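As structure tokens, the structure follows; a few thoughts come after it.
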Amino acid sequence: MADRTYDDVTQVPVDDTEDIDRTEVRSYWQLARRRFVRHRLAVIGAITLAVLIVAAAVVPLVVENATGVSISKSFAPAEIVDDEGNLVLALLGYSRTGINMFTQLMAATATSLMIGFAAVLIIVFIGVVIGAVAGYAGGWVDNVLMRVVDIALSMPGLFIIIAFVAFWGASIWTIILAIGITGWTTAARLVRAEFLSLREADYVQAARALGASPRRIILRHMLPPALAPIIVAASLGVADSVVLEAALSFLGFGIGAEQASLGTLLNVAFEYLNREPYLVLFPSIVLILIVLAANFLGDGMRDALDPRQRVEQQ
Amino acid sequence: MLTYIIRRIILAIPILLGVAIISFLLVYLAPGDPLAQFRVPNVRPEVLDRLAEIYGFNKPLPEQFIGWITNYVQVWNPDAWGLSITYRRPVLELIAERTPATLLLMGSSLALTIIIAIPLGMLAAVRQYSWADKIVTTFATIGYAMPSFVLGTFLLYIGAIWFRIFPFGGMTSSLRTESDPLDIAWHLALPVASLAIQSIAGWSRYIRASMLEVLHQDYIRTAKAKGLSANRVNFRHALRNALIPVVTLFGLSLPALIAGAVITETIFSWPGLGSFGVNAIGQRDYPVIMAFVLLGGIAVVIGNLVADIMYGVVDPRIKY
Amino acid sequence: MTTVSRSVGPLLEIQGLKTHFFTQDGTVRAVDGVSFQIGHAKTLGVVGESGCGKSITSLSVMRLIERPGKIVEGSIKLNGEDLLEKSDEEMRDIRGDQVSMIFQEPMTSLNPVFTCGEQISEAVQQHTAASRREGMDRAVEMLSLVGIPDAKRRAREYPHQLSGGMRQRVMIAMALSTDPDLLIADEPTTALDVTIQAQILELMRDLREKNRMAIMLITHDLGVVAEMADEVVVMYAGKVVERGDVRTIFGNPHHPYTQGLLHSIPRLDERVDRLEVIKGTVPSPYNLPAGCLFKRRCPFRMPICDVAPPMRQIGEEHTSRCWLTPAGEPPEVGADPTPEEAEAAGEQLTVEPR
């Protein structure tokens, strides 16, 4: 402070640069990322999910015969490399029929996750289309579409999925399709709500006044802000879809046991609950981890992307 | 008030119609032959034709639909909902038989949920950031995230296998023919616990969030400025407002009273509607399946209706 | 209830109040050493821009500050008794009874699920031995007192059935139903139309006459202050920068901020091409300047402003937090006690006019 020069007459400091408010200006995405990182749980969730995805993808590729039966290894203890020097990564030992439990778990996780993500893609696609059209058009179009949503919501979801899969066969694709076409309602509602409020936004009115086509308005002006609820719905949707598939397989209506999924593992584990209760443990843990991680991730993203923040306590 | 209700009912009718159409189409378009189980060797074609006639499988689509709807509406007629292929008994009867078990299970769970979740949610909101809040939120998050079959299996294992306190499943012990309430209660414990834990987790999160939002409202500040005690502010002013959306949650839980919890019933071998329906799918018992889907849809529509009406009663701002 | 024994001395005396908010981004010193008084049946106008701490001051008086905020220092004496030393229960007795408060947003300040009458009656029942019926009677009485026609019917209606102006009247009725000594009004007319504003202000003038009630009127609207206040306190960035009676402040403002505020009011009888503004913006609470908080925007800035000025006596009953002499001249170097001595001597400082 002592080294400032002052104008002789007015005594006003000549160099005014120290008065510039130096708080940085950050973009919306930078702020969002900062807020997200503050959510320890959300970050943990993201990391957990990433680790699971990588493990599920890599392990079955790296290990030969990840899910195969091999009676000679019945109940063999855990090992990383087998007697012949092959990398087996049998961290959880072997089952009664000689299946490498760890690699089987990873393969099952991979299947479950794949089904989950694919189903979410369908959910998001249908949801966004219906929600955007309903929210943008308003009026009778909105009314009709919302009735459709109401009807879809009124159907007993799990039941329909089971019926669908039972009638049309239990392949991965029918399962993905079934989960997808019954699960889009929440996403549609979220998108519609966002679009309805955006419709009245000044900048949208301006775009309309300038003669922009509805398609351009929707895609370029309204969709980016609406991304926030879509992203959140997607991350929560992954958790829901994975659980749905697992439930399906658990009840015996899912994919066959050769293509392991978390649900089929639990189905078998339930049968052996008396004799080998520990079988339930690890698929359950993985399932819970996926759901918790996706939930935390979704919560964290929702808070990060919402510009209206309450002051957090120290 | 009456106009409000009537208007809501009228709005519900197209939805019911939509549900009916979709239910019908779902079953009608299912591949496979509904008469497959009758096609034993040496069966005479006339028998098959006659069966097709009885079940109406040989009429054109719209006619089948109309016939189906007109039949279904006549609920006083025990045959209205057709005959189960598997059991060869009227579907209505079978459903009626299974309903009490489901109602018992779901009703107990709902009651427990309301009794426990409201105080929990309130406690967590009022003491935000405290230990109590953290415990409740953690419990709620985990309970909510845990898939029902994991929780159910876990409870079954702990309760029935490890500690051997509870029975392994079913509603009654096999040697008893009359229903002994204590025996049923003993069997009810685990499945209800499984269901209740999940819904308490979900509800308390919801109630906590609603309560938190209310506690930040201006009128709560006004109430405090009037010198009211904390209890009075929390219970009379805050909770009363916070419970408004919860009322709709209650209404939306009503359909589950009928549809039951498929997974939980399966795990605990509880003889309710849920497991009955799933078995019907497995056995391709189409009349039962159709009845189920339609019933589920109706239950949801009625549940929404009840939720709307209750909301109108509880919130004086709703104009009717 | 009105206290029978009017103690000699001010009704409300705030000394060195500091209310800080401890947030993740840092500590916000919302109220940082505020002192003023309100005499019995007097109206004090508390003026300042948004964020200067005036609302927080009023909430501190009511002890309605919640996490992450905390009253860290100071004393608030009501009739000689320090409110900061009272227990929660004692405070609850005082709130709504001796000190009442009305808020800015009449649209959201009333509970939507209870009728207006019930809410007023509740205040009465809380602080007196009144029964429910007596409470409702008093509610109807108050509602007609504040100028609501057909009071008996209105008492049974819900807040959403009333307009904004009427809801504010209900709030006033509720606040006054217990005959408080002090009414704190936080921007009571900001959210209302100008015509309704005039009605509400007239109502308040009326009632303070009848009830011999002191008012702490918080507002950023200088016109309202001119109409209603006996004394004025000007706040900036958590501190009081000028204090005096209303004529002095409006006629002879000393602090450059006050001057700026008054100059920025457009006059009907003058034609101007540009409105005058105070250059710059209110400093962010996380980035306060060292020394005088107003220095970055002050047209009279001097080197000495890098040292925080204390409240200095400008005239009788007129103080200002500025190094300028009462005549508005820069102080002579060496003529005054050093700032440290000034701080040590306390808030008031007498300076010989040059």
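So that you can tell them apart, the chains are marked A, B and C in the order they are listed, and the count of residues begins at 1 in each.
Everything that follows uses one rule, which is that a residue touches a chain if its C-beta (ideal position, glycine included) is under 8 Å from a C-beta of that chain, and two chains touch if they have at least 3 such contacts.
What you are looking at is a predicted structure, and each value in this text was computed from that prediction instead of being measured.
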item	value
Remotest chain, chain B as reference, centres from CA atoms	C
Contact pairs, highest-scoring chain pair	A-B
Chain A-chain B separation of Cα centroids, rounded to whole Å	26
Chain A-chain C separation of Cα centroids, rounded to whole Å	50
For chain B paired with chain C, centre-to-centre distance based on mean C-alpha positions, whole Å	55
Sequence positions of chain B contacting 2 or more other chains	129
Of all residues in chain C, the ones touching two or more other chains	67
Junction residues of chain A - those touching two or more other chains	313
Residues on chain C engaged by chain B in the complex (per definition of touch)	62, 64, 67, 91-97, 100-101, 103, 105, 108-113, 122-123, 126-127, 158, 160, 171, 174
Residues of chain B touching chain A in the complex	14-15, 18-19, 22-23, 26-27, 30-32, 129, 141-142, 144-150, 153-154, 156-157, 161, 255, 259, 262-263, 266-267, 277-278, 281-282, 284, 289, 292-293, 296-297, 300-301, 304
Of chain A, residues touching chain B in the complex	147-148, 150-151, 153-156, 158-160, 162-164, 166-168, 239, 243, 246-247, 250-253, 266, 269-270, 273-274, 277, 280, 284, 287-288, 291-292, 295, 313
In the complex, chain B residues that touch chain C	129, 217-219, 221-229, 237, 240-241, 244, 315-317
